[in-house]
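In the two complexes that follow, chain A is the common piece, with chain B as its partner first and chain C second.
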Partner chain A sequence: MKIWNFIKKAVRSNVSLVGLFIMLVLASCINQNFLSMENLSNVFRQISLTGPIAVGMLFVILCGSIDLSVGSVFALGAVVTLYFSKYSVAMAIAMPLLCGAFFGFINGLLVGCMKMPPFVGTISTQMFIRGLVLVLIGENTYSVGKLPGSLQVLGKGEFFSFITVPAIIFVVLLAAGSFLLNRTRIGRNMYVVGGNPESATMMGISVPATLITAYTLSGMLAAFSGMIVVTRIGSAYPLTGQGNELAAIAGAVIGGAYLSGGVGKVSGTFIGVTIMGLFTNVFNMQSFLSSFWERVFTGAILIAVVFVQAVITHQKTTGKKKRKILTAS
Partner chain B sequence: MKKRKTEQNHDLLYRYGAAIALALFTVFNCIFTRNFVSVTTFWNLLVQSTTILMLAMGMTLVIATGGIDISVGSTMALSAIVLALCVSKGHIAAGVILAVLLAAAGGLFAGTLVARFRILPMVATLSLQYMLRGIAKVVVDGYRISCMNDAFTGFARIRIGGVVPIQVLIIVLTVAVMYIVVNRMSFGAKLEAYGNNPAAARISGINTMALCTFCFVLCSIFASFAGILETARVTSCDPATMGYQLETDAIAAVVVGGTPVTGGKPNILGTFCGAVLLQMVTIMVNMHNITYSYSLMIKTVIIVAAVYLHRRGHR
Partner chain C sequence: MANILEMKNISKSFPGVRALNHVDFSVKEGEVHALMGENGAGKSTLIKVLTGIYQPDGGEIVFQGKKQSFRNSHEAQTAGISTVYQELNMIPYLTVSENIYVGFYPKNKFGIDWKRMNRESQELVDGLGLELDVRRQLNSYGTAQQQMTSIARAVSLNARLVVMDEPTSSLDTNEVKMLFGIIRKLKEQGISVVFISHRLDEIFEICDRTSVLKDGEYVGTYEMSQITQLELISKMVGKDLAVGERRVRSTPVDEEHTVLKAEGLYSFPKVNGVSLEIKKGEVLGLAGLLGSGRTETAKAIFGCEEYQSGKIFVDGKEVHFKEPHQAVKAGLAFCTENRREEGVLPDVSVKDNITVSSLKHICRKGFISEKKRKVLSDKYIGKLRIKTPTDAQLLKNLSGGNQQKVILARWLATDPKLIILDEPTRGIDVGAKREVEKLIVEFAEQGISVLFISSELSELVRNCDRIVVLREGQVAGELEDRDINEPNIMQIIAGASLLERSRKEDEGGSEEKKDGTES
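Let's look at the complex of A and B:
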């Protein structure tokens, strides 16, 4: 009975666990090799490369906003890492993080202080940074030859051949993110700002400051992810990172974050990112549908999850299934 | 009653801001850009801005409702692919109808999600963008479709009186029709009311669900028009690149034109000026031999400046 209670509690706090379970079952039905150590460690390796972006996106979504520029910041992080790898490893790690933080700060200014709607503000930043990347490295793949060994460890290092350095860093980031959201004032502020900005202001929380913090963290994590990927691959294509914003939003939303803000967890985001990673893995392993279908399914999954979220939220706020008058359309 | 000075200023800025910016840019280019002052450039400017203008016309309606539709580029691609497939087999009319219907279906889907289920337009259209682009690629297996059908491609090359390209006529007709619909018919009034205050509009008896859905459908239909015109002009269609990232240009045109981003009165003439302005930026960048990437940064600055100025005009 105790185990059953524990399972019930875990599922209730993270409904996406059910989705994960279903995905695992489906995947092992489709492919025999799925549950092998090698495959699972592959999956984990993949998700730890772009997982940090989803964590950053979670912070922004919690504040009730959205950050569409993460794909471009990812590319910028990659390019900056490559550029500074010629000078010193310390700079190659610090500079992308600084750039990501800077552009995240700009996003925060646009959305928080200038009060631009998030989609317009972050789409503009996305365009600007993409232009910047194209200006910096032109239209061809950018590479600087062999990267210094210590940088390569970041992307390619492994222990026991299935625990990779990016995976370790991802787990550390998850723990740090969870700590930030649950135990620090800044993190708790994000929940309040997303849940009810007016209350936040009345309580003395500065909404612009919280937004700026969230966006800066999101930018830093996106640039960090770009850095990790580029140390693994060794070169950067100027249009890289497109589509990362959708994957990040999907990861956070599937993990239970409400797009209206105020609800979400790091553990949920981890589960969401894992589900998306498993889905990609399963999709790549099957040969029934061409690879173009993957995008269709990713979009469909996101719509389905958001749809269910909308229905549940609507039920929660009105207590009834539908109300005609007095609800803003 | 005489309006206060700030309100007068705001009205001026709102109605003519984009036109003033366009005039300034034109003057700047006439002075500083070689070969700018020529009839060819003038017609080229208008013809090339057709795509953005079509997209922006539909986008104006959606932004006026307070939402956004970033799937227009992918809708354009899907419509264009379907059209190209039909045209390469010889059925032009069927292709056009099918393209428009498919786009309308996509718009209906997005509109229903937004209006009825109250999903954030951002997310609904972001997912739709992915799905539609994926479907477009699936339909042709990623290949580029060329449609060398003389009747079809000849249409894009018609010049009225030997001088005016047909796209200009299409632009003028579209802007005129949209202006009448938005400013002289009740649809526009309802749209403005809904954009300013959705709850009040609903209580006043406006069928907000139908209105919102209709705007999304119209936006997708305009996107399909843009796809049709572009395919006719370029005579081929690549599912990966057709309409790629054009949604940001469309949004920029609308924002520069003065339609409030949070919803409100759609400014059709402003969108027209915005679209031409953005195309002028692209041409200017080309003519000065600056790389295309800089135009992205310039456009961003323009968007941010436009939002800032319009917002300041509000206060």
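Let's look at the complex of A and C:
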């Protein structure tokens, strides 16, 4: 009974758990090897590589905004890591993060202070940064020879052959993100700003400052993800990371974040990106459908999730109205 | 009792408008003070100056004996002034307790201390006599409870002065009682309340004193016990009531032909069973204080707002418009009171603004005929005497009065049977007002019926053939012909209030019972 209650509570706090469960069952039916340690570890590493982008995106979405530049920032992060790996490991880690934070900060200024629509502001920086990457490395794949070993550990390292370093880092990030959102003022402010920006102002919260923080973190995490990926594969091609922004948004939304802002959790986003990761894995491991179908399914799931969200919010408001009418008449 | 707040000589201008002109306002410790005035009188501006959202152009604010100039609402809150807004100003997805503590979270060494927050807010809420579980999401509660939550927030911030901007506008009778209970509790604790409401009964029930504003000017402060409702209204309207001259129709109203009939219209929460009838070519005035359900009635008729019961007939046929475009098709037109938000297309030419709703009429073989469009817009520019250099001028460059005429032209171009005008003369200068009034009469004499909503009684008296007065969402009275004059309208707006309240309380009792059985 206790377990049942626990499950009920968990599902209520994260409806996406149901989706995760269904995916797990499906995956283990389709692919006999799905539950092998090797495959699971592989799936989890895959999630961990680009998962940080979705966490950053969650911050921005919570504020009721959106960040379309993360795919480009990801590429920039990768390139900058490679470039500075020639000089020192510390710079190779610090510089991409700084770059990501810088462009995130610019996004925050555009949206928060200059009141640009988020879509326009961040798509401009997306193009700007992608162009910058092309200018920096040209049209060919960029590599700088062998990376220093301590840098390679970030992307390739593993313990007991199935606990990977990216996975550990991702778990730490999830915990930190969760702490930020639940235990600090700036994190709660993101919920308030996304819930109702006018009220946030009236309640004495600075909307621009909150947006800038969220965007800066988002940029930093995107560049961080680029860094991890590049230390794993050792080279970057100029169009790398295209579409990452959409995958990140999809992850956050499937995990229960509202694009209108104010609702969302780190745990949900984790479940969201896991569901998407399982999808990729399942598609790679079967031979009935071409892997292009993956996007079709992801799109369909997104529509379903957003539809359910809309129905829930609609019910909440109109349900209340009806109840009030009953008591008033 | 000492004054907790003194605002002296406050002035505030916006481009083109003088919102406050040397206004004085003071509140004593532990009193409930009503701030009264018609729409646009400057109440909201005064409150925003007080709470730091606007900076005054001149004057000074003394709060608790200290001269203050708040730069933002946070500073005002910290100093002890909290505001409960008309529209709910809380975050629906967060818990009740978090809404109370946003921006002022209690902390321990692991960051925000949720346990302490929940415990303290529960104590606070219990202390105010509210039945709320603070750990639940705010939007799992109704409007009233959400409002109480924002009051709880005000109290938790150690407010010494709580400003309530129309807190009762979306509450029902029981909820209002609950709110008054809390206000009395605040009073006991020596907290002052500035109370803004358009419901006179409420003002007289809960307030100690009232200050009246009119067109951004300070009219005066009165003890509640020494002023009658009628006197208070005339202070708000701002002149001694005159009988007023009335126009004479050149053509009589077609009494045989009823264009619109509404029966027992009920639209939660503002419209409680309104019935009215408009004949062909008649100007029917809809009077009443703000919040009496005038606009909401019109919107329900036009399909902008749902109605739960009642019937509407157009030309004797029953209709139920779910969307405004259905109403337009049936020959209705609606000029909104929010010209800027719901009416004009500012960055589009005068011509396009006029023809946008009647593209159907200017099409040839399914495509818009530029020639017909020009003819149509020229016709109305001439007919309505719209002052614009060319028909290609962008609408935002026209004066308010001419913008209003463009909106009128747009609706007239759809060839309506009935045109609903909601505050058509608001925010336009006196000359343009007269022009618009004249046009209204002209339409009517050409056989278009007009439902004329206005807060300016003199304008209603001058132009209407019949006036229906609304009060709390119900028809309080009707005036015809020689009975139409300002004092009579006032009497109906103010009158019979005691009777009504006692009847409402009876209803309140039975509601409670019904609630109990339902839940």
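One rule holds in what follows: the second predicted complex is superposed on the first by the 319 of 329 C-alpha atoms of A that agree within 3 Å, B and C clash if a C-alpha of one lies under 4 Å from a C-alpha of the other, contacts with A are read in each partner's own complex, and residues count from 1 in each chain.
Criterion: contacts are C-beta pairs under 8 Å (C-beta built on N, C-alpha and C of every residue); 3 or more make two chains touch, one makes a residue touch a chain.
Keep in mind that this is a model prediction, so the values were computed, not measured.
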Partner chain(s) touched by A:Gly299 [first = chain B, second = chain C, both, neither]: first
Contacts of A:Cys113 with chain B and chain C, given as first, second, both or neither: neither
Touching partner for A:Ile7 - first (chain B), second (chain C), both, neither: neither
Chain A: partner with more touched residues, chain B or chain C: B
Which superposed partner A:Cys29 touches (first chain B, second chain C, both, neither): neither
Contacts of A:Ala175 with chain B and chain C, given as first, second, both or neither: neither
A:Ala94 touches, of chain B and chain C: first, second, both or neither? neither
Overlapping contact positions on chain A, where the chain C interface meets the chain B interface: 325-329
Touching residues on chain A, where the partner in the complex is chain C: 179, 182-185, 188-189, 191-192, 195-196, 198-205, 258, 262-263, 316, 320-321, 323-329
Chain A to chain B touching residues, read off their complex: 66, 68, 110, 114-121, 123-128, 130-135, 138, 243, 245-246, 249, 253, 259-260, 290, 292-296, 298-300, 302-303, 306-307, 310-311, 314, 325-329
Residue numbers on chain C that touch chain A, as the complex places them: 53, 72-74, 77-78, 83, 85, 89-94, 98, 102-103, 105, 110-112, 114, 139, 142-143, 172, 174, 266, 268-269, 308, 511, 514-515, 518
Touching residues (chain side chain B, partner chain A) in the complex: 68, 70, 113, 115, 117-120, 122-124, 126-131, 133-135, 137-138, 141-142, 194, 198-199, 201-203, 208-209, 212, 245, 248, 251, 255, 261-262, 291-297, 299-301, 303-304, 307-308, 311
